[in-house]
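Across the two complexes that follow, chain A remains constant while its partner is chain B and subsequently chain C.
What follows is the complex of A and B.
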């Protein structure tokens, strides 16, 4: 066998593998996006066209914005959007800061009760915070926080912390201890080591935790309904749900409301996913 | 070692918020399970009688075991479909020189960011025998005979909902495994290539052992998420988890008991007893993971 053929075979083999990889990924991408596509195209069509041919693209013959007009006339979507943004942003900030600090304490220091504290904080992953709703509601009534965004921020921070601590601690155990000890020899305080050395190294984990924390908060229906249902504090998800309830047979309006509820979280995710890519690659190149 | 001041500073904010808003309310709920409604509307201490009813009274225990069995099937489908598919997608995405990787990753994660309100509504539309995108599409490829109103049939509904849930959440294992695969140092991969270990054998022999801790995390998150699930069943089938309770899982069973439905009024005390049982099941699963699996897993520091 001459020396060129194995290389040629290998190259052909890898081209084939590349095509197969693309085929699988494209197929799955279509499966993932198809339902969203169905909602969005039908929200732009007239009522008759929605029923006649659900898969037809909106065109001059069937284009109709009546659904969006109904939604924008009825709802207060801009206010809802700001509320969701405030609640999600503030909760995310506290979850990441407090979560990373606690994860560092658990993964870095050996102190009495470390394992016990880890288990205590992990309890929250296992139990949905919803099981405590009655007591939370009583607490919020007593402190006058009902129908404030602060009530939601507090609950979501508590809800997000356990998982954040669990994941971040797992990642922080992988950070080289030589680096931290070198910092200590140079006289850095434990706080500096945490904020300057460790946090930048776990950026991929932080971005991952951020995405996982953000989504359930943005999409939650339960706590906005119970703790902050007033018009001034409604979130986008609650607003959309209330709207679907009121306009159950008006498919144009429901599809338009769903499309509008998808857009903000999609934009938020796209912004974050760029951070995610940067974070992941920064973490991989050590 | 003594608890030093900076350790307390690092731990305090998380511990305070978490204790006040999660642990104390949960204890309040567990406490509720030990009481029963008195004829005058108040609550009387009844010890473990609610649990005796839950497991002893055939009406209650039948519903409970049905929900638990359905929940186990729901979890099994996630482990057999969601996690292998997630790992496969992550492995494909992390292959070097793959073009459009960022696009695929972003697109495949999109269902995960949607709310249950949207997911439930759209899948009901697609699978509906009346409006029917699914029957039309099957018809187009000559497989119309295969169509059934999956969400309306007792034997298919739970599996269909589990697969919808898989569709929605496959992005989570994909992202976690992807991050783990990227954090494998290039030197390890280069060393493997020097030794002629490439392609699939490189994945099985080098990468998979290194990402096992992440697969462990994914599995336990799936377990906890599935045994807490509620929203998807609720938005797609309602609190009655039809047809004929065939999609009833612990979350919907708890919700019905706690808040009541149709002719039955809500019973916070029985609801709290179910919540306690769910807590015990999940605690058991997590303990098995922490003590039997995680402690034996080898972790590599790079």
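What follows is the complex of A and C.
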């Protein structure tokens, strides 16, 4: 009996701790998801119902798909989606490819100015790219890239690289140097070592970087508005602004558009999330 | 084939010179062990031979060809790493065959070579498994197999047994020794463990701070150490170093191996008090603290009934002592 007591206390203690931790996390989740929840429920209601009682759940009395109908009928919403997907997908690809390559060089090779280069590349994490908007716009005008998706892809690639390099370099330092050296002795090229040996081993880190890169790009309104506002190159977030007028705002359509815009991000997040958790907890839990 | 020669080889990282001019000849078919404390440059030297580190100055010559600037894969050598370094995405067979595949050898030839290596190392049942499904000992055997398959002129081993547990270490050590006999290939082996060095080597190279302290067959180093460093490094438990002054000797330091110190309760030349006793069954290690000489290790064969804090006398066997001067160099 005596010997069981400390164990019992410990168990009770950890149950309490578990409950407390869950309470905190659940509270945070509710706060974080509440706006999304409000957007989604209101997107399914009639205009009158939205204003009468914004927090009411959609029911038979106020259910209305008019927002979705407007969005799908009016404008080039499908095209906006495609633009967003193209821009996000291409930027993500380049950020991961170039970020991983730069990170490999910084972590693997000894050369003059290695540390300085690493700091220079990481500097972008601290300096917001929007500070350079005017210069970027001038450059894009000069190179004739205004109103092209390429302009957005270039800007987003530049925006995503610093964090990608910073995180990936740290992970790549953790990849066994014996493994890379074994590859060199077996006659693998540096590219093969990079693509076949190192990249698969840092997959969790790649997923982490992918999610952190993806979400700001998908949600961005600033650069599409400035660099590619033409009908042919509008992204979803910019497209949704069509429904926000100076005098009248079509709230049904805006909310429906936003609800639809959440879907792809959610899908990609679910794809990456397993890897993401491993990436975030790597080193902490082993 | 397989004779290696290092001519005044140096290595610097920035201003930090880690290899300070090493000259060494390794004969064809020789098993040469680099041994030394951590940070002595033994692994760096091995990696320079492998081509994984640049040589700052000097010549690395294999079979009469200067290989300083040759890519690692083109030097005709194979390396076994401490952490096994198997390719996680390839099966055991593909791990072993990769180097040959890169070199453009035909598939049948690769199959024959991997099968031969597998039978030498008793790896046949694991050939289609992934490295993650293997035990530590099996992984290291696969790594050794990967080296054998290439039929290299020179095998390099970088502390291959350090990650194995004690029983497997002995077993794998014997396997490596057998392999050397069977293949007759030149092998260079890096370790910090002097037991591995003593049991495997034809010749031991003792390194300290990027310099060779002494080169010779194991028993030569054991019987005739050139200085206190080699004397202290080779042999386990470590040699005792006594101050010569209090013993009435002309030299500076007197080196006596633990088995050549006699222990007595009645009389002897050095007085001390037992600080610890280790009973190993076949032998007993008695640690004696003496005012003049610090902690001395006495090795007694069989089992002895000594107790901590007992006052005892220790006497060196004059026929088996080593004299060193104040610089630590051996006086003969």
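Methods note: the second predicted complex is superposed on the first by the 218 of 286 C-alpha atoms of A that agree within 3 Å, B and C clash if a C-alpha of one lies under 4 Å from a C-alpha of the other, contacts with A are read in each partner's own complex, and residues count from 1 in each chain.
Please note the rule applied: a contact is a pair of C-beta atoms (placed from the backbone, for glycine too) under 8 Å apart; a residue touches a chain by one contact, two chains touch by 3 or more.
As the structure is a computational prediction, the values presented were derived from the model and not from experiment.
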_Contacts of A:176 with chain B and chain C, given as first, second, both or neither_ = both
Have a look at where A:102 lands relative to chain B and chain C in the superposition and call it first, second, both or neither. first
Larger residue footprint on chain A, choosing between chain B and chain C, goes to B
(message) Contacts for A:58 in the overlay, against chain B (first) and chain C (second): which applies, first, second, both or neither?
(response) neither
(Q) So in the superposed three-chain picture, is A:229 touching just chain B, just chain C, both, or none of them (first/second/both/neither)? (A) neither
Could you say whether A:270 touches chain B, chain C, both of them, or neither, answering first, second, both or neither?
first
Once chain A of both complexes is superposed, is A:111 in touch with chain B (first), chain C (second), both, or neither? first
Dual-contact residues of chain A, meaning touching chain B and chain C, are 110, 176
Seen from chain B, its contact residues with chain A in the complex are 1-4, 6-7, 9-11, 13-15, 17-18, 20-26, 28-29, 32, 85, 88-89, 92-93, 95, 97-100, 102-119, 121-123, 125-126, 131-133, 136, 167, 172, 175-176, 178-179, 182-183, 185, 199, 213, 217, 221, 224, 228, 230-231, 251, 254, 268, 275, 278-279, 282-283, 286, 290, 299-302
Chain C contacts chain A in the complex at 13, 47, 50-52, 71-74, 77-79, 81-89, 98-99, 102-103, 146, 158
Contacts from chain A onto chain C in the complex sit at residues 110, 176, 178-179, 181-188, 196-197, 200-201
Note: in the complex, chain A contacts chain B through residues 17-18, 21-22, 24-26, 28-29, 31-33, 35-36, 38-39, 51, 54-55, 94, 97-99, 101-102, 104-106, 109-113, 117, 119-129, 131-136, 139, 154-155, 157-159, 161-163, 165-167, 170, 173-174, 176-177, 189-191, 194, 204-205, 208, 211-212, 215, 218-219, 221, 237, 240-241, 244, 254, 258, 261-262, 265-266, 269-270, 273, 276-277, 280-281, 283-284, 286
